[in-house]
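The following pair of complexes shares a single chain, chain A, combined with chain B in the former and chain C in the latter.
Take a look at the complex of A and B:
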């Protein structure tokens, strides 16, 4: 039974990897960016658990800047994905412009809340 | 001629006025002028030791019959007396302008009162006592009877069981003086009990657990309503305005006969040459007329640590110094009051800080503490209520403000990772945009 499961898992990972290698490079860059933001958010939560929640506004703005960045990047990924038929009428340039505008607003709010 | 006389009188009264007003200087809390109301002027001689001791201590006594038609406590809105002694137990109606309400108004305006009742007590005296928080036995023929702690008479072998030799005093140096009262106090009169709803009334001399209140000349048909140590022989009240009242069910307690009488308590081998009445009554009258146990608090001060001026407002987490001076009236002068239980509160609906003040034995009480991390309108409060002492209730309002926006810390070390993460995200966004736009 256990052997079957590990074999299944291996097969699953293998198929995932081969499917992912077919993904366009631009989407892979977005994935890397999202992974980085989530990683930074987790590190801050761990740090807060150790040090305590004293400058709570700073903690919130630090974590939310990471989470916000990740969310906006995921949104961008959804919109520029060619296989997603839902946004087939939306130009990728328009999607990127939205992404930049949202990031500017996000970081403006973060800067105000950080101090 | 008549006109001339009148002008001389006017000049005289104007020149005398400052001297007259000196006699009731507000700095001395001790009473000066006492009105003594009697049923019968013979009490003046039968209770002369008590009256003479008051006179020798500087009181001005004004003796009047209780039904004197010219009786008045105040004239033109000013009270003529500082204290009232009611030695008129049988009076049904006071003369003149005096009535129950007038006596209560007199107490309500901070004046002192001694009520002595006995077996002939009228409803007026009993209802006055009820207003003060004690209830006399309603049976008019009842006396305090005690088959154990009565005084053995000198001549008759058995003695009179209504002549009580009481020695169950309240333990308070302020009320009864520092010197312990050795001899029992002779008491012959009616019983009263304290009204449970009144928290200001105190039993100073209570009956023994075996005492009861009944008619001594008839057989007991039903259990007596007042028994044991719930019977109070002498009670005092200190009202919230520091007016003091003494209530006793025995007028004879103050008499020369009881003052001079020797006393031997039944069952006790020790015989005292002199009863404890004189010492007890003298010491308690000192308390009632504010010779003892009167405190005053002055110079309530507070300032930020390291400064001397009193600020109009504090900021949260400020360090502050608080001080107040408390003096006790010794009968002649204000002496420093020394105690280790005076506390100050920083109060806003409930005390946020409660600190015991340390004193320098010269009357100055001081402490320093930190304002809590809460802003709002606070009060410094000193609430000092101790048995026998006048109560001190001081309060001073002081607002506490939060930090100004530029009084917060700007860069907090603990928050550096958060700052770092935020700026990294901004830099990351910038780099990502380049990489995303220019990759092949």
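Take a look at the complex of A and C:
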């Protein structure tokens, strides 16, 4: 039973990796960026768990900055992905411009909240 | 301590007597205090450039008071006088006052300057229609006449000018300022009389007697509107609505006095004015004491100087150097009679007519007494006071009789003068004793004499079944019973609870009996030591005292349950008004912060994902080959990235020091720039990628 599982898992991971390697580089960059943002957020949450939540507004702005950019990056990825037929008519440049604009607005708020 | 307080009481009493004496009708002639006040008031003007009118007022006041200050001001004043007289554009008013200043200072003015001014004034007189123009020009001419050697200075049409001034007079004796103005003024009447007097002195021929007599009639009518105070002072008040400044009763009265005395000096025949009214006018100027204003002081001093030398009747003022006299020290009653400026009166006799005790109408004198004259000090002294005069307040009525019968028309003495006088003395305190009595029998348990002069004190003890009796006798120097304003017994407990009792008298005897049985509740059942203090004081009592008699130990029963509590003692004023305790501020306790190293470690940790991100990018083989190569898009691309960097930098600045509004302004400009370059570069990229697709 266990054997089958590990084999299956190996097979699953292998198929996932081979499938992922077909992903365009630009999307991989976005994935990497999302991963970076999420890790940065996790580290801050860990810090808060160890030290305490004072000053809370700084903690919130730090975490929300990371989470917000991650979400925006995911949105960008959805819009840029060519296989996603829903956004077929949307130029990737337009999506990038939206991403930049949203990030600037988000960080204006974050900076205001940072204290 | 007690003696100090006693002295203080006497001081207060003396102050009370003094102030009430001032409120009574005593008028003191001009004295040295006026001189020092004049120096002070006019010196305060010194800093600015005084007008020629102010200079005249200053010089005139000093002249009358006999202060020699001319050298201080004469140089500057003479210079402005010759400037004014020499200039053809100076006003009539300035000319008039410049001539008045010159009259006092005798500046070195050339004859031809006087001639020029005289011809100007002559022209002004013939062209004048308003009262003030007449006043200044006629007054100026009269002044020139006194200051030059020329004696052929006459007014051309004296009677005509007289009549045109007279035409402005009203039926009630007052004058109008000009013919267009129907309002009449008392102050203007004074000015008009002065101008008329000037015309009479300037006239080459005798003025028609009928004109003079109608003017005298006007004066008499004017004096019908005179007003009176209770103390016998008379004054004129200005009824003109909207009068200019300095037209109060003082300056109005002053103006009338100047006009009256000037006119009386030149007009032949007597004016038939009652001398009491002239005396009353002098009294109003003396009654104001020392004015706090230079203008008022000038009006006072100037008018008194005119009254001093007037030809109607010269007021004589009866005054007393002291109105508080001590019977014990045998102070003599002294009276002075002076003119208003303080010079000696002509020979006269002062009689004491009546003496009243305050509140009673019976005179203490059987016949009038003549006061003895001391020619050396010019003081009238009463040899012996009436026998029945004791301590207290009296009213003395004096009469002044002039020796020379010719003087009776020349001087105004006012007949009888009522003057309030206080007599003080040492009150004799006798048989002062304090005793403790048994309540039921009234027999004396302990009895002690009190020595009110010495310092020794008594000590007693009593319980609630006993009584305390304190008694003494007061008698005046004449041996009469004396009832002081204050006769107070005060008991003070150790806890500073005070009980105050008023002493009642029957005849000379003052006695108070405290029955402790009826007073245990009033004493709040407080046993222990009570200090006994006796206060006897009065304004006429020279030996008022506040004396610590001693103490008494009271043994009172235990308080029942519902006994009243002694009142809370008033707080020490230091506690109420003294410095408050320092305020300790409570600050928020700072949050516990983690050690610095831990925070820095986590700062490093947050950089780790970024490193991972960069490594991942390297592994993916990311490059910048797609960066536009041609110059214009490359520039736009670079600007786009720079713009983003600038916005992020602006955010950092916002975090560090800027406020939201500055940031938003900057962001507006940067955002517009970024939109432009971003749109250019992204549309370029889009077009190139679509070309790639189509190719």
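By our rule, the second predicted complex is superposed on the first by the 115 of 115 C-alpha atoms of A that agree within 3 Å, B and C clash if a C-alpha of one lies under 4 Å from a C-alpha of the other, contacts with A are read in each partner's own complex, and residues count from 1 in each chain.
We adopt the following convention: a contact is a pair of C-beta atoms (placed from the backbone, for glycine too) under 8 Å apart; a residue touches a chain by one contact, two chains touch by 3 or more.
These numbers come from a predicted model, not from an experiment.
Colleague: Taking chain A as the common reference for superposition, should the pair chain B and chain C be classed as clashing or as fitting?
Modeller: Aligned through their shared chain, the two binders clash on chain A.
Colleague: First (chain B), second (chain C), both or neither: which does A:35 touch?
Modeller: second
Colleague: State whether A:69 touches chain B only (first), chain C only (second), both chains, or neither.
Modeller: The answer is first: A:69 touches chain B but not chain C.
Colleague: Report for A:9: first if it touches chain B alone, second if chain C alone, otherwise both or neither.
Modeller: In the superposition, A:9 touches no partner, neither chain B nor chain C.
Colleague: Does chain B (first) or chain C (second) touch A:45, or do both, or does neither?
Modeller: A:45: touches no partner chain.
Colleague: With both complexes overlaid on chain A, does A:91 touch chain B (first), chain C (second), both or neither?
Modeller: A:91 contacts chain C only, not chain B.
Colleague: Which holds for A:114: it touches chain B only (first), chain C only (second), both, or neither?
Modeller: It touches chain B and chain C both.
Colleague: Considering only the touch criterion stated at the top, classify A:59 as touching first (chain B), second (chain C), both, or neither.
Modeller: first
Colleague: Any idea which of 512-520, 530-538, 638-646 or 656-664 of chain C is the one running into chain B?
Modeller: 512-520
Colleague: Where on chain A do the contacts from chain B and from chain C line up?
Modeller: 25, 29, 33, 36-37, 40, 43-44, 47, 51-52, 54-55, 96, 100, 107, 111, 114
Colleague: Given the complex with chain B, which residues does chain A contribute to the contact?
Modeller: 25-26, 29-30, 33, 36-37, 40-41, 43-44, 47, 51-52, 54-55, 58-59, 61-63, 65-66, 69, 73, 96, 100, 103, 107, 110-111, 114-115
Colleague: So in the complex, the part of chain A that touches chain C is made up of which residues?
Modeller: Counting only chain A, the residues touching chain C are 25, 28-29, 32-33, 35-37, 39-40, 43-44, 46-47, 50-52, 54-55, 91-94, 96-97, 100, 104, 107-108, 111-112, 114.
Colleague: Please give the residue numbers of chain C that touch chain A in the complex, ascending.
Modeller: Within the complex, chain C touches chain A at residues 591-594, 598-599, 602, 605-606, 608-610, 612-613, 616-617, 620-622, 644, 647-648, 651-652, 654-655, 660, 663, 667, 671, 678-679, 682-683, 685-686, 689.
Colleague: For the complex, which residues does chain B have touching chain A?
Modeller: 410, 412, 414-415, 417-422, 424-426, 428-429, 432-433, 435-437, 439-440
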